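I've put the structures underneath this note.
Across the two complexes that follow, chain A remains constant while its partner is chain B and subsequently chain C.
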Partner chain A sequence: MPKEEPTYPFCPDETKYEKLAKIGQGTFGEVFKARDKKGKIVVAMKKVLMENEKEGFPITALREIKILQVLKNDNIVNLLEICRAKATPHNRYRSTVYLVFEFCEHDLAGLLSNPQVRFNLAEIKKVMQQLLNGLYYIHSNKILHRDMKAANILITKTGKLKLADFGLARAFSDKLNRYTNRVVTLWYRPPELLLGERNYGPAIDLWGAGCIMAEMWTRSPIMQGNTEQHQLTLISQLCGSITADIWAGVDKLDLFNKMELPKGQKRKVKERLHGYVKDQYALDLLDKLLTLDPSRRVNSDDALNHDFFWVEPLPQDLNHMLSRHNKSMFEYLAPPRRRGPIQQQQGAPGAGPSGGPGGQGGPGGVRPAGHNPDQHFERIF
Partner chain B sequence: MSESETRVHFRVIRYIREAGLKLHLENVPVATASTIYHKFFREYQLKDYDPFLIGVTCLSLACKVEEQNVRLRDIINVCYRTLHKNKAPLEIGDTFWQLRESVTQCELYLLRALKFKVMFDHPHKYLCHYLKAVSDWLEPRQWEEVPVGRTSWALLCDCYHSDLVLDHQPQHLAVSVLYLALQCHGLELPVHKHAAVKWYQVFSNSISLEIIQTIITKIMAAYDVENQVPR
Partner chain C sequence: MFANSSQHKYWLFSGETELAKHRAEANKTYIEHYRQGQTDEEVAKFFLTPAEERILGRQYEVVLRKFCSEFQPPMPKCVIGTSLAFFKRFYVFNSTMDYHPKDIMLTCVYLACKVEEFYVPIGQFVKNLRGDREKFADAILSFELTLMGKLNYQLTVHNPFRAMEGFMIDLKTRHQELHNPEKIRKYVEEFLDRSLLSDACLIFSPSQIALAAIKFGAAKESISLDGYIKTVVLRLASDKEAENTLYQLRRVKAIVKSFEPTTREQAQAVQKKLDRCRNQENNPDSDIYKQKAIDKLNAEDDIPAVKRTKISQDNGS
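For the complex of A and B:
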């Protein structure tokens, strides 16, 4: 190595930006709001955690960079550049890397936790249309997001929706695969992952889209399990018992016999959500997104063609509604949301706040009620 | 680039490929490692770096980029053994940990130096498509008797000994190795002489015979370097 500090013609130093505030905790690092000292543009900087890396630069971060360099779409967060920080004793002589993104004012979880923010039906349609459009784009590029949740859906002040946090994303192929099933935040995790499927596909992201869509009305996550077992129970209570009759081949999944699956449950997606969602088309699309069998779950293309988006009221820009709010809303900065709006079942096994995030671990662990900035996530392949 | 530098780079790429083979890597990750290596030394001076350390790091980075699940520990052990054929295998100890630390540091350095642009569109997939077409044009017996596929694939992998891979489109490289392989085997595609559009133009409309000849000349030059380097 040369003795003098070399110049990196291609990689700017982080001092180019001035940090303004911490706005979030991603899968592999903290996120800051920052301002370009020269151009004065506001950006989001995501720090890549590297202290615990025995294998060098984290493959998850490299995947995110690789994926974001390729994906360029209105509904995908835009990676502007990558910055570095000098190695100092403070970071054990390991220089830090920042991903610099265009700044988005809000995230969906933050917006939903603020009762002042109200979405009408046409605006909900616009949110879902943009979300599905983003999914359609990444899935056509053979990328799985694997961490769909309201906090990862960013919305600019002009109402443009961007899928963010590709820290768990990866490329997929149509051949038989063995991916890790320890992905997706528990509350948004589809039944196939909970049952140990390792050869999954884009349908996992559409389950999350369904959970998020319902949340547009319920205002908090619809199935807040404490453990994988509990999550499966909640899913069965909403979507009906998981059996080989309605989902061919489910009995072949690794955990099908190891998990306790409630029997004789009727599917009540439309009934249970009817209290919140009055629109018949919305209920029908929700029903199709929250389909247990991943091979029969609606894909993003068909979802975009659903009547929901094509009957009055048509999707309407969020620009106007958001212009009434001039404060950034991020889940990280918001007070914890009220728990369990539609899950009133008593005595579900493992239920109750005392269950704690037992046995979760991994990036898909239970979202903590508060935030824990020091939380480290297990690195996985 | 001076002749002696060319020879150093040739040896390092040969080393990367040997280690890659022992690690059971596929051809594309090895191609990525070689491309990262050449790209790095286009921008930076050989005298400032240990090219073998850069080589090992390129290999480790390429494994991540191409989703080849290989542990850094294995890469270090295999590369050490490949470089030091007469020494005992590496034991867990200070040397191992130092080497490992060097590679992880160097990995960051490479990423920053290359602006995190470590994904490449390689000629391999294009060559596969072209070979499929050629196999349909030829008589089945001809295709079976003459190993055009294997020869062109080997030529392609050998291209990476030289930094010529940075200067040409992947489609052009694929066509050129195919052209060279057909020539080596004295094989002519049916009605080639009478066709208004040459077969290689079918694969890439921006290619010309001049480009093909330029690339082939560079490939031949790379084989010449091999003769100047000790085994």
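For the complex of A and C:
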């Protein structure tokens, strides 16, 4: 006599939720908007892809679960529960696991791609303050995000910002480490990773915060490299030549001699962004976030104390501005942005870290493209 | 932090009595499901009793620890601690008749390697086993999700090793009467190793286990750390709290010391019984399990076929 299906009292069946729409493509699977049939709560369900996993449950998903069970903060996406779809003939005997999150109406990339959405200076301050506050919290808990980009910054309809997608995140220590440098979407990847640094730290997330901050004005990613080499060229053109004079020890990095680094470039962060950003405090903070040398890049604590947040106009809640928009805005669902050259998608590392985390990191697994293939961005630099 | 961890919230029990109650319930649930009108006498002959299940569980904990200590590449202590914690947690609410400890044991170690960032690919992992390695790999991977589910996805384990190192540093800085704390290390570590085979991690916090190890490790060198514990560690505690802590330390010692190794004969008799009363649906060697795997493979083969029909339909229209 076959025993009845096992029950998981703490691990509810996925049929508890009813899927409403696909809203995104996460690091290791699809994301759906869904509704709790009983409580009528709206949630986001992230599917953990088990196909092609020779090593069982992906270690990246395991890290995301472990990390999000510990991180509980207003500016971090809230993991509600984990649920499992039973292996039945209906789903071809594949048992699937879903991470269930509180639902957020928008992501920053989606908002920025909609010209109807306009942020004033005080609102931009609120976005950046919440973003840096989230980074301060995770870094104090010894966690690196490793995938900062506008599409991973969620914003609720009342204007609360949440860092999301911890699919590449991991714990770090202050000891000498050898992590994989195949992390962070290319356009947001800091120079130390591009030069092969494996003993990196929280500064990598602050570079991404700088890129996102600039994007608040430019409305498109500021440095859209097609290859790692191209990305380094774009960085040098904006932040100045990468030399041992301004960055002690950079010449010791594995790829320093293997990459072509433009010489004689002057640092032009403030000048070039001035066309978009008029506020002097904003320009100064951007300059500090986009510092080449990671050991001199501003940390989240000092960034939060920067005058940008403490002079008029002070940070202002987004709920008023967002109340004018009653449609969800996600990058995944956004219509193509106007004009702009077509990005190479297939094979070009522009779409995400090729191959995903490897090294001591784990089984890797194919990382889906970070951007909607139909998504075109206007070139900034 | 341990204080707001899932371990503190969900995986600490009041004591052996409560653990025995949960285990007896798991035993009873399984038997009620499969007895099919057997009399109590027949049940006692056919199924394992809670006591027999404990013999089996304890024996596999010893096997697990041995497997870990011989593992190549050598694994850090926290991987051993986490593997054993997973194993013990699993069998608080599940019967060994439902899931055979030999399958769960290996899956616990494999999962603990991932969780503790000591990642070993499955191919390399099973090289530590003798026999049909492919079969072992299949079994481990097929039980992984079940194990995670039964652990309620609460995978962070706080082991006593870090707390112990903390106390060693504290002894050096705040208890300098003890000139060379390193001389008690050997006994302290022995105590922690023994604690891994007891239910201590299901009853006490890691720091209680670590402090007990320090206290009773030092006692072996004829050193009393009672003064350090009362005036340094418990300096800010009320009399009642201090008394309770000392009581808990004695309890840790009693539980760690109470471990009795099972004899070969005992274990063999139980194993024999288990071969007949175990749940065949969870036995990778059984026909019913193999049939399920075949169904699964066939179902997977169907996918391209379905897609192809769809494409040809599209072409036709």
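Throughout what follows, the second predicted complex is superposed on the first by the 327 of 381 C-alpha atoms of A that agree within 3 Å, B and C clash if a C-alpha of one lies under 4 Å from a C-alpha of the other, contacts with A are read in each partner's own complex, and residues count from 1 in each chain.
The rule we apply is simple: a residue touches a chain if its C-beta (ideal position, glycine included) is under 8 Å from a C-beta of that chain, and two chains touch if they have at least 3 such contacts.
All figures in this text were calculated on a predicted structure; none of them were measured in a lab.
Peer 1: Touching A:G56 in the superposition: chain B (first), chain C (second), both, neither?
Peer 2: both
Peer 1: Would you please give the residues of chain A that touch chain B in one complex and also touch chain C in the other complex?
Peer 2: 1-2, 6, 8, 10-11, 54-57, 59, 62, 65-66, 69-70, 82, 84, 95, 97, 170-171.
Peer 1: Flag every residue of chain A that touches chain B in the complex, lowest number first.
Peer 2: Within the complex, chain A touches chain B at residues 1-2, 6, 8-11, 53-57, 59, 62, 65-66, 69-70, 82, 84, 94-95, 97, 170-171, 381.
Peer 1: Using the touch definition up top, name the residues of chain C that touch chain A in the complex.
Peer 2: 5-6, 33-34, 36, 110-111, 114-115, 117, 119, 121-122, 140-141, 144-146, 148-150, 152-156, 279, 281, 288, 292, 295-296, 299-300, 302-303
Peer 1: Give the list of chain A residues in touch with chain C in this complex.
Peer 2: 1-3, 6, 8, 10-11, 50, 54-57, 59, 62, 65-66, 69-70, 82, 84, 87, 89, 92-93, 95, 97, 170-171, 360-363
Peer 1: Of all residues in chain B, which touch chain A in the complex?
Peer 2: These residues of chain B touch chain A: 43, 48-49, 60-61, 64-65, 67, 69, 71-72, 103-105, 107-109, 111-119.
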